[in-house]
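Each of the next two complexes has chain A plus one other chain: chain B in the first, chain C in the second.
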Partner chain A sequence: MFLDFSNKSTWLNQVNPSFKLLLFVFLFVGLLFIDNIHFYLYFTIGLLIIYFLMTGFPIKWLLIFISPFFIIFLSSFISMALFGEGETLWYRFGMIHITQESFFRGIHLGLRGIIFGFLGLIFALTTKPVMFFYSTMQQYRLKPKLAYSFMAAIRLLPMVAEEVYVLKQALKVRGVIFPKGISGFYQRLKYYSVPILAQSIRRAHRIAIAMEAKQFDGNAKRTYYYQSGYSYHDIWFCLLLLGGIMICFFLQNNFTFLPVERVIN
Partner chain B sequence: MKNKLTLTDILVTVVIAVVFSVIYKIWGPLYNTLSIFGLHIDQLVYGMWFMAATVAFLIIRKPGVALLAELAAAQGEFLFGGQWGISLLLYGLVQGLGCELIFALFRYKNYQIFVLCLAAIGATIGSLWLDIYYGYITELVWWNLALLILFRTAGAIVITGFFAYYLVKALEKTGVTNLVRPVNETHYKALDEEAR
Partner chain C sequence: MKKQGDIMEQIAISMEGLKVKFPNEKSFLFMDLSLTVKQGEKVLLVGPSGGGKSTLLKILAGIIPNSVEIPMKYTNSILPERYGYVFQDPDSQFCMPYADEEIAFVLENLQIPFQKMAELIPYYLDTVGLHLSDIHTKINQLSGGMKQRLAIASVLALQPDVLFLDEPTAMLDEEGTDQVWDSVMKIASDKTVIIVEHKIEQVYDFVDRIIMINTAGEIIADGEPYKMIEEHLDLFRKYGIWYPGVWKGLNKPSFQNQLSFNPAITITQLTGYKIKKEIIHIDTAHVTKGDWIAITGANGSGKSTLLQSLAKLIKTKGTVHYSFTQDIPFYRKVGFVFQNPELQFVTNTVYDELAFSLLNIPLSEQEKRQRISDHLAIFQLDHVKNIHPFQLSVGQMKRLSIAAITIMEPEILLLDEPTFGQDAANTFRMLDYFVSLHQKGTTILMVTHDQQISEHFATAEWTMDAGKLLTISTKRTCRVEGKQNVLGL
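== the complex of A and B ==
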C-alpha cells in the first residue's frame, strides 16, 4: 500500500481486504473496553509476531515503519502519567503528581496507541488499495461512484505532490519569507493550499465529467475488471485473531507480574 | 433530488479530502512533538483534523459532504499508514458526524462563520466523546481535563472555523467553486437577464 514497495506477497495479502478491515474495526471497538494492562502487553507481543513474520517485508523496512512508535507511546503516556487521578502517590512536584494508578494507566494508553498503530500498519502493508475498493463494492455493496472516486483520488496524489514541489520552488524564487507565529502559519497555509486545492478541484471536476460519461456512476450490478471474493484464508485469519485473543485472556488470568491489573476503577 | 450527491460532488469531495489527508499525515509528528510538553499544548493544533469537513462543505454545500470528507480524509490517512492506524476511521466518523449535525441544524443553508465555529465545536465534542473511551480523559485531574477541553475547542474554532472560512473565501476568488456548487435562484435570474 505504501507507495509501491514490491514485497513478497504473503497469505495475509490473500485475505479479503474489506473483511480484514471489518475484523480490525471490531477488534478496535472491543479493545476499547478492555482495561487489563496484562492483556495489552501480551496482545502487543502477539501483534509483533504477526508484524515481523507475516507481512513479508524486509526487516529493515519494518523497523523503519515502527520507528515513530516510541513517540506515539510517549505522547499517549505522558499526560496521563503526570496528571492522572490516583491514590498511591509516588512523586509530587508542583502541579505534577505521579501515582501508581496513573503511571500504569499511562503505560496502558501508550500500548493502546502502539497496538492500533500495528493494526493499521499490518493492514496497510498487506492490502492493495485498488483491491480494497473493489472488494467493498463487490462484497459490501459500496456504491461504485464512491469507490471509483476514492481510487481516482488516490491516483491524483502524485500530481499533487509534484505541484507542492513546484510551488515550493516558485515561492523560493520569488523570495517569499513567512513571518513567525500564527499569522505566518496562516499565510503559509493559504499560499500552499489555495493553489493546490484550486488545481485539484479543477482536475477532479474534469475527471468526474469524463467518468460520468463512461457510466462510472452506475449501480453495483456492473461488471468488474478485478474479481474479489472470500477464500479459506479468511477463515485462517479469523482463527488467528480469535486464537490470539484467547491466548491473551489465558495469559492475563494466569501470568500477572505488575502491581496494577485494571487501569480504571 | 436536487441535493443528491453526484459523482462530480463525490469525486471533488474525496479529492479535497485526500489533499487534506496528506496534511493530516504531516500533522501527526508535529502534534506528537508538541504533546511531549505534557500540558496539552498539542490540543491547540488538534482542530486541523476537522478542517476537511468544513472546507469541503463550504465548497460543495450539500448534505452529507462534511461527513464524507472527514471519513475520506481519515481513510486516506489510514491508507498512507497514519500512525494512529485503525482508530483514525472511527475518529473520522464521529468528527464528521459532529460537523454534519450542526450543518443539518441550519438545514444546510447557512454558510456564515459562526456556523463553522459551531461545527468546529460539534467535531470537538465528537472527538472528546471517543476520547473518554480511547484516552480515559475523564481519569485526568479536573484542571488538566478542563485545560484539554479548552485548548482543543479554542484551536478547533480558530483552525476549523476561521481558517477554513477564509481559505474558502480565497478559493472563491479563483473561480473554482463555481464549477462545483449547485446553481441557485440568482444564477437563473442572471440567465433571464441575458435572454432579455
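== the complex of A and C ==
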C-alpha cells in the first residue's frame, strides 16, 4: 500500500478497501484455527493464483515482493523440522532429530507464514492508501483527524527516503567512519535518526499548521471528493474467498496424499 | 468585519497595541505594535532575518494563537474572517499526494458537495495559470514554482478576503519565482495581500506600500515603494534586503593576479549515474588551480549531479584526475557543501561541529583551538558556539555548514547553491568569505542560479543543459587581489 508503482488497476482495486481489510482480518484469525496441512497447501495454491493473475503487476516485481516470505518459510520450516518433537523418527544426528510430525508441522508453520504474506501483499498491491482512508472515513466513521494524519504521513515517506540518501553522502563528506560491530550500529543509528527525526518533526508541524490554515477541523463534518461505497465487486470478492475456502475444504477431504493430516499444536 | 466609511476606506486588518513574548526569551518580540491595512491594499513587510515578520503575518492571519500557541496581548483588533496563507516551503504545506486531491481537501473542509468539485478544481488551477495535462498529477512531480502555484490555487478555494504570502519564493529558482508572482498578480486585484519577502525586485511594482520592521520588532518605516527606496536605501542595505539594483552599489572585487596554468581537475569522458540512469556526460573539461567556476543551467540540467560526480558521491564512469597527491583522505582535499545544511551536522554543539572536522588533522590542540575560534569569529557564530546546530537560524546553519568544511582548508571547494534562500546580508557575507579563500588559492566550483554571482566573481562559467556541458565561457584570467569588502558597509 505504501509502494508507489501500482500502474495497472484490476477489479481487486474496485473492491471497497475497508471491506477488503475486514475480510482479510477474518481470514487471518480463521486460519489460526485450522490445523489441516492439506487445507493449507490448497489454500496457498489458490492465493498463488490470485496473487499472480489478479493484482496487475509484472511477474518480476511480484517475485521480488514475495521473496522475503520464502525466507520466512524456510527459516520457520527448518527450525521446526530439525528440532521439533515427534514419535516417528526419520533421522537423527546429535541435537538434530527429524521426525515425521515435526517435518509436517514445519511445513504447516512455513505455509502459514507464506499465506499471511500473500494476503498482506494482495491487499497492499490492490489498495491505494488514499482510497483506503476515504472508505474507512465513510463506511466505518474513522475520524478525519486520524485519516488525514496518516495520509499526510504517507506523503512524507519519499521525502525521508531522499533525506537518508543525502545524509549518507553528507556523512561521507564529513569523514564519518563507522566502527564495525555493535558500537558502529549504535553510532549509525544515532547519526541517521537524529537529523531525520528532527526534519520530520519540523515538517509534520508545518504541515499541521498549513492544514489548519486551510480550515481543516479534524472532528467536523465534511464532504468527500471520492465517494466510497459498496458495489458488485464486493460480492464477487466475497464469493471468490468463500468459494475458494469451500474448494479447499472439499479437496482436503477427498484428495489427500500426505501421511499426516492434522498437525497437533 | 466592521463597516466604516466608503469602500476604499474599509479596513481589512487592524491590530493595536500588540505585545508578544516567546516563553523562554527575555525581551519582547513585539512591544506595542500597531498596524492598519485597508481593504484591497497590497502590503510588503520587509526587515532583517529573525525580526519577526513571519510571526507578525501569522498573528494577522490568526494562525497564532489559534494553531500555534504563543503568549500575546493586544488592545484591539480586526482580523480577516476568511484568509488564505501560502507558506515558504513548497514541500510541507500539502497533505495529499495529488494536485486535484489537495484542492479537494480544501473544498471538503468547506463542505462543498462532491458533484461541484469536478468543475471547481480545474477552475482554481486555471485561475493561477497551472495548466496540467491531467489534474490528477502527483504533487512531487511538479517543480517548486508549480507547487507554490498549487498552494495559491488551494487557498483560493477558501475564497479569502486577505491573502498572506510568507516568503513564497524563498526556496525557488528564478523561473519558479516568476511563475508565483505571475499567479499572484493574476488573482489579487480585488484582494488584500500581505507579503513577507526579502527578494523584492519582482513585487516592487505590484505593492502599494512597504512596511519595514527592525530587529526589535518596531515599525521603522512605512510608505509607498519608490519613496521607501529613495528615503531609506541605507536601511535596505543595513538589513540585507534584496532591493532592486542592490548589485550596482557593490564594490566589485578587482582581479589582478594572473592565474597559474596548472590544472587542478581534468575531466575526461565523465558519465554520472543515479539509480543506474545516466544523468550527465562530459567529454572533456579542465579546472585550473585558483579558478572560481560558476556552474549554471536550468532546473534538472545536471548541475548538482556534476558536482556530486566530481566529489565521488555517486556512481561514475570515465576519469576525473585531481592534481593533488592521494596521501591524505580525499574529502580533506575536496570540500563539499550541501544545499541543505541540516543534514551535514553530526555533533551536539556548534563548537564540536568544527572540532569534529579537525579530528584527524595533524595539528596541536593549541592550533586546533585557535583555528576553531578564528572560524567562529569569521562566520559570526561565536555567541552560539555552545548550542545545538539544529537550534540555529537558517542563515547561521548555512554558515556553520560551510565553516565545518572550510576549516579543513580543502584545496578544492565544491558548493551546491550556497546562497540559496539567503537574504542579501548573508549572501554578501558568504561571498566575502569565498573571495578571501579564493585569494589564498582555493579552487572553487559553485552551482548557482544567480547570474550576478557568476558575473561578479567567477573566472569561468560552465553552462549545463540536459546533462551536457553546453558552454564554457572564460570571464577573466586573473584572481582577486587585495582585501575586499563586497557589501561595502
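The rule we apply is simple: the second predicted complex is superposed on the first by the 251 of 265 C-alpha atoms of A that agree within 3 Å, B and C clash if a C-alpha of one lies under 4 Å from a C-alpha of the other, contacts with A are read in each partner's own complex, and residues count from 1 in each chain.
Definition applied: contacts are C-beta pairs under 8 Å (C-beta built on N, C-alpha and C of every residue); 3 or more make two chains touch, one makes a residue touch a chain.
Since we're looking at a predicted model, the values are computed, not measured.
Asks: Which of the two partners, first being chain B and second being chain C, lies in contact with A:152: first, second, both, or neither?
Replies: A:152 contacts both chain B and chain C.
Asks: So which one touches more of the residues on chain A, chain B or chain C?
Replies: More residues of chain A are touched by B.
Asks: Could you tell me if A:198 is touching chain B, chain C, both of them or neither one (first, second, both, neither)?
Replies: Touch partners of A:198: chain B and chain C.
Asks: Just checking: does A:22 make contact with chain B only, chain C only, both, or neither of them? Give me first, second, both or neither.
Replies: Neither: A:22 stays clear of chain B and chain C.
Asks: So in the superposed three-chain picture, is A:217 touching just chain B, just chain C, both, or none of them (first/second/both/neither)?
Replies: both
Asks: Just to be sure I read the superposition right, which of the two partners does A:209 touch: chain B = first, chain C = second, or both, or neither?
Replies: Both partners.
Asks: Once chain A of both complexes is superposed, is A:171 in touch with chain B (first), chain C (second), both, or neither?
Replies: After superposing on A, A:171 lies in contact with chain C but is clear of chain B.
Asks: With both complexes superposed on chain A, which partner does A:62 reach: first (chain B), second (chain C), both or neither?
Replies: neither
Asks: Intersection of chain A residues contacting chain B with those contacting chain C?
Replies: 148, 152, 154, 198, 203, 207-209, 211-212, 216-217
Asks: Where on chain A is chain B touching in the complex?
Replies: Residues 1-2, 24-25, 27-29, 32-33, 65, 68-69, 71-72, 74-76, 78-80, 82-85, 97, 102, 105, 109, 112-113, 116-121, 123-125, 129, 132, 145-146, 148-150, 152-154, 156-157, 160-161, 182, 186, 189-190, 193-194, 196-198, 200-205, 207-209, 211-212, 216-217, 263-264 of chain A touch chain B in their complex.
Asks: Flag every residue of chain B that touches chain A in the complex, lowest number first.
Replies: Of all residues in chain B, those touching chain A are 6-8, 10-19, 22-23, 28-29, 31-33, 35-36, 38, 40, 42, 55, 59, 72, 75-76, 78-90, 133-136, 139-141, 144, 148, 158, 163, 166-167, 170-171, 174, 176-177, 179-180.
Asks: Can you tell me which positions in chain A touch chain C when the two form their complex?
Replies: Residue positions touching the partner: 130, 148, 151-152, 154-155, 158-159, 163, 166-167, 169-176, 191, 195, 198-199, 203, 206-217, 220-227.
Asks: Where on chain C is chain A touching in the complex?
Replies: 61, 63, 66-68, 83-85, 87, 89, 91-98, 100-101, 104-114, 117, 139-140, 154-155, 158, 308, 311, 313, 329, 331-332, 335-336, 338, 340, 342-346, 356-357, 359-360, 390, 404-405
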